[in-house]
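One structure is given below, encoded as structure tokens.
Every chain is named by a letter (A, B, C, D and E) in the order it is written, and numbering of its residues begins at 1.
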Amino acid sequence: MLEVANLRKVYGPDPHAAPAVADLTFTVADREFVCILGSSGCGKTTMLRCLSGLIPSTSGHISLRGKPVTGPPDDMAFVFQDYSRSLLPWMTVRRNVAFPLRYKGVDRREAEALTDEALDAVGLAGRGDRYPWQLSGGMQQRVAIARALAYRPSILLMDEPFASVDAQTRSGLEDLLLGVWERYGITVLFVTHDIDEAVYLADRVLVLRPPANVGHEVTVNLPRGRDQVETKAHPEFGRLRGELFAALDGGPVAA
Amino acid sequence: MLEVANLRKVYGPDPHAAPAVADLTFTVADREFVCILGSSGCGKTTMLRCLSGLIPSTSGHISLRGKPVTGPPDDMAFVFQDYSRSLLPWMTVRRNVAFPLRYKGVDRREAEALTDEALDAVGLAGRGDRYPWQLSGGMQQRVAIARALAYRPSILLMDEPFASVDAQTRSGLEDLLLGVWERYGITVLFVTHDIDEAVYLADRVLVLRPPANVGHEVTVNLPRGRDQVETKAHPEFGRLRGELFAALDGGPVAA
Amino acid sequence: MSLEGVQTVGSARRRTARTADGLPEGRVRRALGSRRIRDLGLKVTGVLTVLVALELCARLGVLSRDWFPPMTDTYVELAKLAFGHPLWTEIGRTLSGWALGIGLAALLAIPIGVLLGSNRTAYRLSRVVIEFCRPVPSVALIPLAVLVYGVGLEMKVFLIVFVTFWPILLQVIYGVQDVDPLVYDTARSYGLPPRARFFRITLPSAAPYIATGLRIASAIALVLAVTAELVVGAPGLGQSIVVAQSNANLPRMYALIIVTGLVGWALNTAFQAIERRLLRWHPSQRAEVAS
Amino acid sequence: MSAVTRAPRKGTGRRALGLLLELALPAALLIGYGLWSHRAQSFYFPPLGEILEYFGELWLFDRVGSDLVPSLLRMLAGYAVSVVLGVALGLLLGMSRLLRTAAEPVVEFLRALPAPALIPFALLMFGAGDGSKVFVIVLGALWPILLNTIDGVRGVDTQQLDMARSYRIPLAARIAHIILPGASPRIFAGMRTSLAIAIILMVVSEMVASSNGLGYFVLEQQRSFAIPEMWTGIILLGVLGYVLNWLFLRVERRVLAWHRGARGLSAETATPAPSTPSSTEKTDA
Amino acid sequence: DYGGDLSGAGVSGGGEGDTLVVSETAGTPASFLAYGIREGYFEEQGLNVELSPSAGGASVIPALLSGDIDVAGSNAVSALIAMGRRMPIEMIAAGTSTSESPDDDFSSLMVPEDSPIESAADLDGGRIAVNTLQNINDIVIHAVLAEAGLDNDDVSFVEMPFPDMPAAIERGDVDAGLLIEPFATVGASQGLRAIARPYTTAMPSLQIGTYLMTSDRVAEDPETAAAFRAGVTATAEAIAADPEAFREALPEISDLAPELASRMDLPVWRGTTDRASIERIHATMREIGLTESDLDYEEAVAE
């Protein structure tokens, strides 16, 4: 579904500057859940921005469903790493979530329902009438997640979406996300720093190494219908964890 | 050293609104490393802001070294949760780190040295001349940490400072922080969502429950000179983890 | 999927990428070199469009020949003026008033604006006076200014300061109120003294607003310098316009008016160049710097 | 919204105090002037009492219909046109680098033209009626709004724009819901500056080819050295400016409520006031 | 090509002693002084005159009072209004006057060619453009209206600069306009029609312009005032004797187009203040309410 070939991105006008992403090639299947791991500054965010068509790549090729990506594709939602600045301070939480729906052609009634549902799912049911700047950091992050979920995208890009929530809430959101993914058959690209989370969620985990090319790729063969306790107790889980840990730590490990 | 008694904070002009922090009482000893856990939105950030004197509390009493806190005390450093907004976009990374030093009376030469050392310690040695907005999220967060470390505070407040860095870097930063804490004998209040991290770092872990009053308090008796592998393999580590997990999950557990 | 395979393919690609660099690089550099030229082209196009429109208006009789001298006459006069040194003397006279006036206004308005923007009590204390004085028309004050300061430079400077002070002040107040509170908290938590907070935090934060304010004020100051010269006959471009007008020398009058506009444009260009340097960090300039 | 508006209970006492505070300086200045002018006997600075006497005679309500109302209508028309034109053009030029670059020399050229020098042109194009006066007002009041809108549009947080693009918010909605609100603090700064400039230019425009209006009045008094009468005109302009600005701020308070909240200006969280971290806020508690 | 200042400021003639800064209305009045300076008539009096053109009328009086200029070229009406308001100024010399006969009057009340207005009587309720309000225009138009049995209150005045008047009249923004040279010539060439010569109607040889000094200065330094008057008189006599020389000099000492200079009607200069004119003007001013005070001629005029 999504094909990335030889992607290269250099910031600034000088093409000889150090690239943020260099020579990245991979594909993502339809309805696949792909997690991306990588050290800080290795180019994960840059990659997502290129894939989403928000910034042009310096060279290389990206295609989605066979069509080259030149701008943000339809039916895509993006949860930004810098969530607090992606919320609009002049809109209430509810309007922040409902805002993109109007332009997707969802009628007002349904938009309301979707918004309420999404806010409820992320545990912000009572906060709809607040402004983003009246919320705690974790709540703001959840508003951004709710906005993406309510949008019902067919491809969802998430950049460390659970970084600011507590472990408890995080588990809940993980399961929520898996539920949504299974129910609506969406494709997810999920950047995280948490190896456990990556293994728990993904069909496949890509490890990026600076400048972001895929240094390691791990297919997660854990059964679906995952469960916070059972899955994490699975011996394969531990093995995958170890493999990814090693891959992040040192060079590529022969699989 | 730090005493908090019956702290209460209500946002907005109406004192009858739901408080963000209610009836919070605890003390922190000199040179103690205290971690704070709590669900998202339970009032951790609000508490830190009150302690730092950045916002006035609605009622209650805060005193530092016996003196009531009315404004930000000297020798305090604060790493904000919303790190990207706390960096000054008009200054390079190096100047962002160095500028508080000038007003602390550190001379230029020493400030340079401290800055370089701190940037080096957080792994940003080569990025000093960039602007914050040219860095990745994790790098920005590390700049904020470097600024706090270079400042050589005697009390350090950190609000989820490692949320956006990868596991590898995170371990490194944890050890760096412990090293600095031990060497300079500072007092640290550290908000995190990661139970392992809290146990690994702390002398004592406070669990806040909404609205933030201390629901549970756990003293960590693990030996100092902690080590990422050894300490985490310690049986006591597992026990503490379990206890905190339970405390976060359910009500207060009789210790 | 074989990882060795990925690895070798990766390194091979890296090599090709390096050799392939030459091409996009050349293109980018050319694009860079041509951006200046393209901008210039755009500007010239903009000006030409207006000139052609004016000429068309004149030709089609929208602007009557009787009342408007043929544009060509004006251009000829303009060219003649440009080569005589008196024009530059007059521009110098006008600009000295402009520079002193706007400098003084900025010097006064920026600190006061920061004070009023950050201190509610100070703001409330002075609000009535500010809002009362702001709309007082400078032109009506000219006789008073002349009486107190005579017809020389001081009068011009007084008028310019009186009028441009307010726009700068307001912009500064709005700018100060737009400082991100988290940035401010950062400064406070690190114990920055008020002076440092002013120079390090408030001023840079408000800088985009102040820059706009200065650009607004710059044009107003020029307009005012010329108006004062026009009305009371202090030496400068404005007086030259009066003289040309009184002698029914319309081509020269329009030529001088055009000169005034050109001076304004030149001043703005200078301001923008400074702004581009000082505000590199701001989103409004970033887009032009990066990508 | 509710968190932003003030608590009603303590409002009245504080409001009275605030009013007192606001009137303190003007009162002091007036008294100072009154004392000074009485002693100085300066021809151009007549005693306060005399000015006020004339003020009552002239403006309560003799000339309101004949001079004040026509002036106000022209000014409001000019201001309205300036706002609409300034914001629309500002959006256009702020969003398109191409147009901005092309239009820059022309805009800057026009901006520097002195109004008195433009009046002849306005007379030719729009006649000696209200048209030319509105034109002159627009030509002066447009720029602060235009420049602020351009700069405001260009300064909108890139993260918000990226968000909008990633959700494929159509252009019109992006303008209405992201760019305009994001630029609104600056647009308001421009509009407030322009309000005063519109009043000034109202006067300037009425000084030429006019047979009524405040500008005409002031000029007529000046020409006949009727200085106290002239001062009444200037005072009236000040009062007018104050009242219009007050109305403006009411509107702004509404529209920018989110901004005041987000920027911690509604006496909550950290005020950026250097001196008042505790004093202003303790009163809230 | 352009040797002098564009603004005409700083044109000064030699002569020892302090510089006497004179501000005079730009255009023909300023040219008069410039001619006198160039021909050395002020130098002969030991004056070093520096000329600064102004917009004229009432606006120069504050500058005079502030001490920035020594002599202000204004007009009798503004001067009398100011004196009526007890401003400490005095007339020290005469400026422009109208000619003896209406045919070469330098002013015209003009209407569009196809205007229904044939004479002053048709002006009832009309709008008349004048270059300054509350000024000499009111006086001379009063004279024209009075002949037709009308009063100033029967018309309304609109202020606009001379160069804009022909267009405004043509377009019908105003019904008539009071033009002086060179704009009357310009207007005529654009098809405007003169219905009256208001200045001569008011009074042939009516003195309009006047030079002012502060009373204190005149009292302290009567010699300078007298010297200046003598210079003005000498210049006036020279021009009266050889107007063509002045006409030829015009393009050089002003920016006037040579073609206009050769065609336009010149005003007349006399030098000493004309008592009859001043009294006449003052009387009319009383009548139309421009001033309320009495005229004390000896106080008002230094001779």
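Please note the rule applied: a residue touches a chain if its C-beta (ideal position, glycine included) is under 8 Å from a C-beta of that chain, and two chains touch if they have at least 3 such contacts.
On a predicted model such as this, the values are computed, not experimentally measured, just so you know.
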| query | What is the graph distance from chain C to chain D, where chains are linked when they touch? | reply | 1
| Using each chain's Cα centroid, which is most distant from the centroid of chain A? | E
| message | So the centre of each chain is just the mean of its C-alpha atoms; given that, what is the distance between chain B and chain C in Å? | response | 45
| request: Let me have the rounded angstrom distance from the C-alpha centre of chain C over to the C-alpha centre of chain E, please. | output: 40
| Using the average of all C-alpha atoms in each chain as its centre, how far is it in Å between chain B and chain D? | 46
| query | Which positions in chain A touch two or more other chains at once? | reply | 11, 82, 85, 134
| message | Can you list every residue of chain E that touches 2 or more other chains, as numbers and ranges? | response | 62, 65, 161, 163, 167
| request: Indicate the residues of chain C shared as contacts by at least two other chains. | output: 64, 67, 143-144, 147, 180, 185, 188, 230-231, 282, 286, 290
| remark: Within their complex, chain D touches chain E through residues 43-44, 119-120, 123-124, 127-129, 207-211, 216, 219-220, 222-227
| field | Residue ranges of chain E touching chain D (in the complex, touch as defined) | value | 57-58, 61-62, 65, 78, 81-82, 84-87, 127, 129, 132-135, 156-161, 163-164, 167-168, 171, 173-174, 290
| remark: Counting only contacts in the complex, chain D reaches chain C at residues 18, 21-26, 29, 44-45, 97-98, 101-106, 108-117, 124, 140, 143-144, 147-148, 151, 154-158, 185-186, 188-190, 192-193, 195-197, 199-200, 203-204, 207, 215, 218-219, 222, 230, 233-234, 237-242, 244-246, 259, 263-265, 269-277, 280
| said: Under the stated contact criterion, what part of chain C meets chain B in this complex? | reply: 180, 182-183, 185-186, 188-193, 196, 200-201, 204-205, 207, 279-282, 286, 290
| query | Which chain A residues qualify as touching chain B in the complex? | reply | 11, 37-41, 43-46, 81-82, 84-85, 123, 134-139, 142, 159-160, 163-170, 193-195, 245, 248-249
